[in-house]
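Let me begin by handing over the structure; questions about it come next.
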Amino acid sequence: MIIREKTGLFELLFATKGSVLPRILPRILAVSLLALIVVLIDGWVTSLPHLDAAPFAVFGIALSLFLGFRNNAAYERWWEGRRLWGQLVADMRALARDCRVFLPEDAPRQKVLKLALDFLHLHRINLRRLKARDSTQAWSGEDFSQADHPPCAALNAANVAVAKAAPDGFARKALSERLASIALAQAGCERIAATPLPYVYSLLVFRTTYLYCLLIPFALLEDAAWITPIFVAIIAYVFFGLAEVTEELAHPFGETVNGLPLDAICRTVEISLAPHLDIKAPPALQPQGFYLS
Amino acid sequence: MIIREKTGLFELLFATKGSVLPRILPRILAVSLLALIVVLIDGWVTSLPHLDAAPFAVFGIALSLFLGFRNNAAYERWWEGRRLWGQLVADMRALARDCRVFLPEDAPRQKVLKLALDFLHLHRINLRRLKARDSTQAWSGEDFSQADHPPCAALNAANVAVAKAAPDGFARKALSERLASIALAQAGCERIAATPLPYVYSLLVFRTTYLYCLLIPFALLEDAAWITPIFVAIIAYVFFGLAEVTEELAHPFGETVNGLPLDAICRTVEISLAPHLDIKAPPALQPQGFYLS
Amino acid sequence: MIIREKTGLFELLFATKGSVLPRILPRILAVSLLALIVVLIDGWVTSLPHLDAAPFAVFGIALSLFLGFRNNAAYERWWEGRRLWGQLVADMRALARDCRVFLPEDAPRQKVLKLALDFLHLHRINLRRLKARDSTQAWSGEDFSQADHPPCAALNAANVAVAKAAPDGFARKALSERLASIALAQAGCERIAATPLPYVYSLLVFRTTYLYCLLIPFALLEDAAWITPIFVAIIAYVFFGLAEVTEELAHPFGETVNGLPLDAICRTVEISLAPHLDIKAPPALQPQGFYLS
Amino acid sequence: MIIREKTGLFELLFATKGSVLPRILPRILAVSLLALIVVLIDGWVTSLPHLDAAPFAVFGIALSLFLGFRNNAAYERWWEGRRLWGQLVADMRALARDCRVFLPEDAPRQKVLKLALDFLHLHRINLRRLKARDSTQAWSGEDFSQADHPPCAALNAANVAVAKAAPDGFARKALSERLASIALAQAGCERIAATPLPYVYSLLVFRTTYLYCLLIPFALLEDAAWITPIFVAIIAYVFFGLAEVTEELAHPFGETVNGLPLDAICRTVEISLAPHLDIKAPPALQPQGFYLS
Amino acid sequence: MIIREKTGLFELLFATKGSVLPRILPRILAVSLLALIVVLIDGWVTSLPHLDAAPFAVFGIALSLFLGFRNNAAYERWWEGRRLWGQLVADMRALARDCRVFLPEDAPRQKVLKLALDFLHLHRINLRRLKARDSTQAWSGEDFSQADHPPCAALNAANVAVAKAAPDGFARKALSERLASIALAQAGCERIAATPLPYVYSLLVFRTTYLYCLLIPFALLEDAAWITPIFVAIIAYVFFGLAEVTEELAHPFGETVNGLPLDAICRTVEISLAPHLDIKAPPALQPQGFYLS
């Protein structure tokens, strides 16, 4: 995720970090070139049909409809992903406090928390589809990487530890409710990761955008011949740019420029749980070149 | 559901798998043909009235309104269906963990989980209105297919097993809350399956789309006579395409190209519950030709 | 509610069952007639002022705004009503299971469920403002029709039965939570039934629609004189049609064509509770001429 | 709140009760007069610049954006306020039932309910900022009007009564959960009452509306000179009307024509609680001249 | 937050307090000046190309899409922030009542409440990124400012106090649920504070707005040459104004004119808890020059 303080005019207009411009530039140039060719043919070779701009209005409305919908849906996926991780942060903190209240002994209490931290990292690794186990130290010392579903295996182990350590029904009830809440947030994240936006929307949006950019030069020949390629470039920037942004936001757990900073959130949880584990809290993650992983 | 990694330009423009184009092509050709006939009559037979494009703006606005609303409503149904199944996944995992914490003996614990798995498959079969019992092995060994409402019968059996096995009030309370949460997600799915979008919207959308496609040629005669059929084809593609997509998404449990992958989700639950049943987890379902059932 | 399988083209274009066309036809004809008069006066009597279509754009935008808002609000009321009844279905099933788990004896258990079924029917009767007690057999044998608030009286009786039969605190807690959840869904339904959409929106929408239909002919005189009445008829169909639909959906518990099928939902609950009452389940309600009551 | 059954055409077009027309008439007349002056100057004094209608499109779009957003936000505040009061109704009924289940003696049970009813009225008085204690009889006989926060004081007293009367932990847990749910709905209402929509939106909306109404005559001079004032009046009616409606809905607890009927809701609760207090239920409040307070 | 009663016409049109006009004036003047230069060059130096206004329609649609989305997202962040603080108010009140019900002794009860109040202030300080400890008296007398995460440290201390003072499982369960609810609201606030709207939207919105303002003069040359700078100024006011407002609302915890009044909300909680601490309630905070901090 890009973290920038309120930026000045210059950065807003010319920043490329965090911008989608570099990635969509080839497409913008391609449709602009086509527009230029249309203009040149119309001017020097043979007169092409000049369309009225009015019928394009309905086109623009349809495009807004598609892009607006897709943008909203993608942003909601992104924000729901963030909300679920916020829920995980709150649940992990509450789990630590619940353990303090309900589990009388220190060793099993810390065991539960360490397994929960392992779960969190395994959940992150699972969502990001990281192959190798990354550099994070395993908190509990157990290895879940061979399990069919590593995060579930870690949470199962935490559950078994709770079942062993709980002295009475209240403890069992309170801690199993907490673990169920964590499992719900986990399943929510997996839902977002496993269920992309319906593919058919991508088809509709891209095809309509291309058709629009290819036909619009014929509508501009009359009034704005020489400026047509520039106009097409701007329109392509706006529409391809939005399409690209929504593509990234729709996959909120990816390691992209607009992906959620899962590493930093996991670290936040580690900092919050450090006092409960009687260890020194690690430092918070800082953005590297405006990018927080 | 169609599962495709980020596809190249070529696939986006010409893919037919997952596209609605094949299904709506006849309608697109029909209205294009009508447009062509209008153009030919106007050019060769007798002059037809040329309409101004401006009054069509309000038409386009109304169409966007209808289609935009319908699209949002359909997508929300689809996503709510997915969310309810995500809730089911989380609840099944939490049920397994709760059983581990609250039920001291192995046999009744596994009995509850097997009945819950049967419930899940019967729920899926019920939502998809599959007649015959499909190939899924019955987990519990009991046959609920003759019950008035098979999924409810399976959940009732699980409830009776809980009532028998629970050693104290905490266990009864915790497990009955979990079963109630499952019942809530089940009723939510049945609500979506049993209550389609109001039929009157389909009427309004289709009639308005047809009227629009039949009248728009008269507005294009002036400026874009020869290109009119192409224009009409594009507009028809956009509007009929969106209408078709929303039709599929509004029935999220159907076995269509955009339906939810209920088989795969059930398998995910089986994988998650395998360690609790002391069996080897089955493999995750893979898409067949980009399609995940 | 109208229940139709995916219908063919013919039904979509010419169906009147479930369509609002019959009801709004007089209004459509009236404004079309006015448009015809304007055209005739302009052509044969005296030249009327010809307006430019452009200023009507803002009109159309405002209308879309009003109608779009009203449509969304009405649909949300309808869908929230359905969701609350889905919640009731889930709660009734969960109540039956909770009774099985927490109440040791059969007689008081069935008493609670029968009172809950009576509540459900009284709730339905209350929402639909049916005067006379309808044909539904009273399950519990008690008569609540003289109470100040019949559904609440039935639920109070169920609550008293729970208080008497509950053997311990867990049973009291679990069953009172269930009854509270039912009461919440009940109050939600009553909220929708008692609080219509603000009346002022109806005024704004109808007045703006009429003004628009009366003024639009002057904008069409220039280009589309003879086709003006047809155009006005189409626009009136679209806007009056949407206004009429939203009117029905905004009252989701009415016995209208788009009202919710409360009878069928109550029957579903009866089917679900039959095994718990040791009786044969009644048959599910079927649509009568596509209409499910 | 205005309560009208489905009204006829005549009422819809000419009703003033519940309409915002009377309040915005001066502003409509003012901008129409200005438009008339522009037309007269253009016709008789000196030719004024005639603007093209096209650039106004973006203006209209911006206005729709502002007004649409403000309308949605205001309606959501109104509907959330209603939902919170529906929650209060459900919670009060559930509180009465919980008291019946968990509190064995009659006197403290009725004490809790009476304090809760006092809370409800004090909450209503607090939201409406009524100075003097209104005519409602104090149910509990205690006077909370001198407390720093009267509704909280009443709820604190109910809480103390619960703490005294509860025979065991289950009762304490159940009843304190119920009171917490009431407190949540209360805080929600106070949030809406204390946090208006950001003031800056009012500025943007009003300034943009005025600018639009002042400039639009110059765009209409060409085609619709004589009809310009009427057009401006209609546009002003639509936009000022919507702005006024949203102003009222954004303050849902006010005693305005579109405010929520808090008196009637409080009465509904009193009717629901009467059987638990062994008193005769008071009559439901009826609308006075279509207005329900 | 600006708190103004319904203001008169004059204030609405010319108020600068709470308006964004002063901040965006330089940008408005800059683009107006550019427009003026274009007009002058076109009139006195050389004829510039005159564009048709129609292609700008799609531009305006795209801008509305971007700004409308951003406005909605920012307002939802603002309102969610407010809702979370309302949740905190309700939870603090409920915590005080729960302590009264479940904790038999006065001293530990007040200890818990004082630690909770410290948490609330530290949470506010954390959200607003205030460096120095502000003037608020520390309620509990403990110093958490050196902790890695001060609000969490205060809540941990409250949790320990609960664990010590709770006489039975019911008390532990009830109070730990309350603290978990507080932790959830806290994590929600931190989520909003730590996760800005995706930066790429700022880029898209600002770049598109500037491009639009720079190109629109060419479209107005034909019809509205001399009025072009005024038009551009108005359009810039509308679009830059909205962009600026959304920027502020998207950071709801900042000490800006549209930020949430966290000081006043904390004071409300102190007033609500005063009776439970047996102290005199402090006075409610009042707006200073319409501004409530």
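To keep things simple, chains are lettered A, B, C, D and E as they appear, and every chain counts its residues starting from 1.
Criterion: a residue touches a chain if its C-beta (ideal position, glycine included) is under 8 Å from a C-beta of that chain, and two chains touch if they have at least 3 such contacts.
Treat the numbers as computed from the prediction; the structure is a model and nothing was measured.
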item	value
Shared interface numbering between subunit C and subunit B [over half = same, under half = different]	different
Centre-of-Cα separation between subunit D and subunit A, whole angstrom	38
Centre distance in Å when subunit B and subunit C are each reduced to the mean of their C-alpha atoms	23
Touching two or more other chains - residues of subunit D	54, 57, 61, 64, 68, 169-170, 173
Topology of the chain contact graph, where touching chains are joined (line, ring, star, complete, other)	ring
Of subunit D, residues touching subunit E in the complex	49-52, 54-55, 57-59, 61-62, 64-66, 68-69, 73, 147-149, 152-153, 155-156, 159-160, 162-163, 166, 169-170, 172-173, 176-177, 179-180, 183-184, 186-188, 190-191, 195-196, 198-204, 206-208, 210-211, 215, 218, 247
Residues of subunit D defined as touching subunit C within the complex	1-4, 6-7, 12-13, 15, 18-20, 53-54, 56-57, 60-61, 63-64, 67-68, 71-72, 75, 78, 82-83, 85-87, 89-91, 93-94, 97-98, 100-102, 168-171, 173-174, 178, 216, 219-220, 222-224, 226-227, 231, 234-235, 237-239, 241-242, 245, 249, 257-258, 260, 271-272, 274-276, 281
